[in-house]
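Have a look at these structures, which come just after this line.
Both complexes shown next keep chain A, but they swap its partner, so chain B is in the first and chain C is in the second.
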Partner chain A sequence: MADFIQLCVNGLALGSVYALAAIGFVIVYAATGVVNFAAGQFVMLGTFAGVGMITQGALPLGLGYGAALAAMALFGVLFFVLVYLPLRKSPVVTIIIGTVAIGIVMQNAVLLSFGSWPFRLPSPLDGIMLQIGGAMITAHAVMVVAVTALLIGLIWLLFYRTALGIGMRAVAQDVEAARLMGLPVNRLLALSWVLAAMLAGIAGLLLGPMWFADVNMGDPIALKAFAATIIGGFGSLPGAIAGGLFVGLAELLGASYVSSAYKDLIAFGAMILFLLVRPQGVFGERIQDRG
Partner chain B sequence: MLAAEDLVVAYGENVVLHGLSISVAAGETVALIGANGAGKTTLLRTVSGLAPVRSGEIRFDGQPLGRRAAEARVRLGIAHVPEGRRVFPGLTVAENLILGTTPWRRWGQSYAADLDRVFDLFPRLRERRGQLGWSLSGGEQQMLAIGRALMARPRMLLLDEPSLGLAPRLAEEVYERIREIAAAGLTILVVEQNTVLALAVADRGYVLENGRIVLAGAAADLRQDVRVRQAYLGR
Partner chain C sequence: MRVRDSLLAAVAILAAGGLLSLGLADYSLRLLNLSVISAVAVIGFNVAFGLAGLISLGHAAFVGMGAYTLAILTTKLGWSPWLAAPVGVAVTTLFAALIGYPLLRLRGHYLALATLGLNVSFTIVTANWIALTNGTNGISGVPPFAVAGLAIDDERRFLWLGLVALAVVAAAAVALQRSRHGRAMMAVRDDETAARMSGIDVTRTKVAALCLSAAAAGLAGVLFATHVRFVAPEDFNYAHSIVYLAMLIVGGEGTVVGAVIGAALLTFLPEWLRGLGDAYLAFFGLMMLVILIFLPTGLIGLVRMAARLRFRRGAVATPRGAP
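This part shows the complex of A and B:
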């Protein structure tokens, strides 16, 4: 029982990271129609932004987090200006291939700057354990879940309670009508990339202390976030959250109760099942209903 | 208030407006009628900045609009209710209307009075304020699209076939509201295939054929004009 509780909390923590990555992915997809295949590398970059500021830069944690997130926000702007804007008139497929290419560039840039040796990113709660129902849980895992819950609340407030967020949803639904309302379409599109980059950054900072920071960490995250959005429903925010949590839980419970060799089988099996039986996912609309 | 002079607009090689000139004075309601494909939508999209001018000029309040973006034109007071209504399907009625205030509203400024005015004009929208755009009927969507444009506090309204796809009774109801908006003093340019409805609310009218104005005059005269009656009124 204690084992089970521990696995569940750790699974939820890992799932929270996947959910954050998936939310960023969905925000960009909904706003721009771009399937961002660099989403996993965004998270990797977030972890290494933390490594650069905190592990190597020796900034105090709070300041280091702030600096890393500021760097990620800047990266979001750069991605919008240097990748999305020049490509936006091209077919969506071209943009998608562009995101794949940029993902590879990002990976190699980090490899050149940091080397292939893995780093460890500290957590503000390092060494603190909590006892829940007889299970020993790292305080960091609980913090990951709590921070993710808080962020989801903030994102909901942004999109449903502020004029800015309503404007972002409007741009995602009908760019031309949004222009007729006088909405600054380009700035709102840029903001969705910034938001995605910052969420990936937070995911990376939260994940760093759970995994080792290494340049190849982006690929499995991308696959899991992708599986999460397909299971939850492509383009759906609640779907990204539910899918992320499911994938994280399935991964840890699967590793423990089935076999660690097959730990990814449940998540990807579920993804393939959904693609075959219910391609719109749990919460999603069918993709062809879009727009 | 609005003047277009020798306006040429094209999609690639395909010239759609061939040196068209029209004007709308302040407080006037002008109808521009024409068959499907005549270029009505293109004209309105050019005025609101969604389509580029090839040559010629559009002036608003005597000021050339040049290459000003659509976002800037709505701030000048030009509100365009596009063809097919284009309400935001995943936004509620209230959210759609709130977005209309973008051109003038700064942080924290109240739009309650504007909202009340739109709800008084279209009581059905008040009842449906929490409903999503896609779930409205065609008539309700048209009212929402017009209401959303009014939230911008426009000085001029561009209406693209507000009767399109509506049952006759509903189309008449929408035009009844347009008549009220016009009576309140707003300047309106409405383009229509439904000649009867449009000429009934308008002070003046133009007839557009293949991107050229072929007839212009007082709405009352156009309603009596033999050519208009034969081509557009079917009698």
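This part shows the complex of A and C:
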């Protein structure tokens, strides 16, 4: 029982990170129609922004987090200008390949600047353990779940209670109509990329202390975030959250109770099954036939 | 016309490869062989992606299926490679047909993600089904092909085998592209509804494109296994699917020549740019991005553009210079 609780909490923590990555992916997809195959590398970049500021730059944690997230926001703007704008009018296929290409560039640019040796990213709660129902749980895992829950609340407030967020949803629904209503469409589109980059950055900062910071961490995260998005429902925020938690739990529980070798097959098997039987996922994509 | 173009493609490949084989050192020959194998796979990929517009990120799994089938049949059951090769191609094609019917209802990024998931699952299974595949250790000791008692086990001999296979596949691909079936695939790519309205069976056309694409991939896998004489899960992971895609994009999608050029270029490029060291992959990604943005028709498009410019300049110059 203690093992089970421990696995569940760790699974939820890992799932929260996947959910954050998936939410960033979904926000960009909903707003711009771009399927961002570099989403995993965004998270990797977030971890390494943390490594650069905190492990190497020796900034105090709070300041380091702020600087890393500012760097990620800047990266979102750069991505909007250098990748999204030139490819905006291209067919879906070209955009998919373009984001794959930029993912390769990101991964190898980080490899060149940080080397292939893995880094350790500290957590503000390093070394603190909690005892819940006989299970020993790292305080960091609990913090990951709490921070994710808080962020989800903030995102909901942004999208449903502020003029800015409502404007972003309007652009996501119909760019032309939004332009006619006088909304600053380009600025709102850029903001979606910034938001996605910052969420990925937070996911990366939270993941860093759980795994090692390694330049190859992006691909596995991207694959899990994709699986989460498909299972939850493409383009749906609640779907991204539910899918992320499912994939995280399936990974850890599957590794202990089914088979550690085939643990990843559970998530991908579920993803392929959903694609075949219910491509709209649990929560479904509202806008049909997009992409 | 169709037959002439097919023959022309085949003869051009044999002649170019044959000429290259005279002047190249052993290591370059090895790279040439690898690019021939990749070209077979990329021509196949072009049928699915370039003609029928199916965005697959799992082509390497098909190559792996052919390679593993041959490796298992020859090393575990002692079959001759000549017997195992057609079985390898057949198994791969059958697998494509089985997954094609349910999978090809998906479009765009859904299909891309499903095929990506498929490729990852293939790698997980080959890495862990140890009884059959030896896991991550891979299967070594795959026997080479032999013709009249002569083993095709060095680079120069293998090149001719590879060139013949590539010539056959290229000729078949050119013939397909010029045929009713090839045009049906392009119609499905350009507008599915319009294609269906004009009486094309869309599902069957897509599945046929995937099967032909997988058959060529299976052949590439068979060639790979007997060339390297060793197969391991890492040789067929999704990064290789992305490389096949990049080869086609760089060469020029939708064309057989583009597939061959792209395969050769991206096989030799890491050698030529060895000076870049670790920066090669970053350069590779940037190059892909630049080609996508500025040269969406690939190198073939560049050649065509240059040819058109020269033609126009010639057309203007003739009347002026004529007596």
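In this section, the second predicted complex is superposed on the first by the 285 of 291 C-alpha atoms of A that agree within 3 Å, B and C clash if a C-alpha of one lies under 4 Å from a C-alpha of the other, contacts with A are read in each partner's own complex, and residues count from 1 in each chain.
To be clear about the criterion, a contact is a pair of C-beta atoms (placed from the backbone, for glycine too) under 8 Å apart; a residue touches a chain by one contact, two chains touch by 3 or more.
Quick caveat, the model's predicted, so the values are computed rather than measured.
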item	value
Touching partner for A:Met44 - first (chain B), second (chain C), both, neither	neither
Partner chain(s) touched by A:Ile166 [first = chain B, second = chain C, both, neither]	first
First, second, both or neither for A:Thr94, with chain B first and chain C second	second
Chain B versus chain C as contact partner of A:Val145, first or second or both or neither	neither
First, second, both or neither for A:Ala13, with chain B first and chain C second	neither
Residues of chain A touched, compared between chain B and chain C (which is higher)	C
Contacts of A:Met181 with chain B and chain C, given as first, second, both or neither	first
Chain B - residues contacting chain A, complex	48-50, 69-71, 74-75, 79-80, 82, 86-91, 95, 98-100, 102-103, 105, 148, 152
Chain A residues within the chain B interface of the complex	163, 166-167, 169-170, 173-174, 176-185
Sites on chain A touched by chain C in the complex	35, 37, 83, 86-87, 90, 92-94, 96-98, 100-105, 107-109, 111-112, 223, 226-227, 230, 234, 261-262, 264-265, 268-269, 271-272, 275-276, 279, 291
Residue ranges of chain C in contact with chain A within the complex	49, 53, 55, 102-103, 105-110, 112-114, 116-118, 120-121, 124-125, 127-128, 242, 245-246, 249, 278-279, 281-282, 284-286, 288-289, 292-293, 296
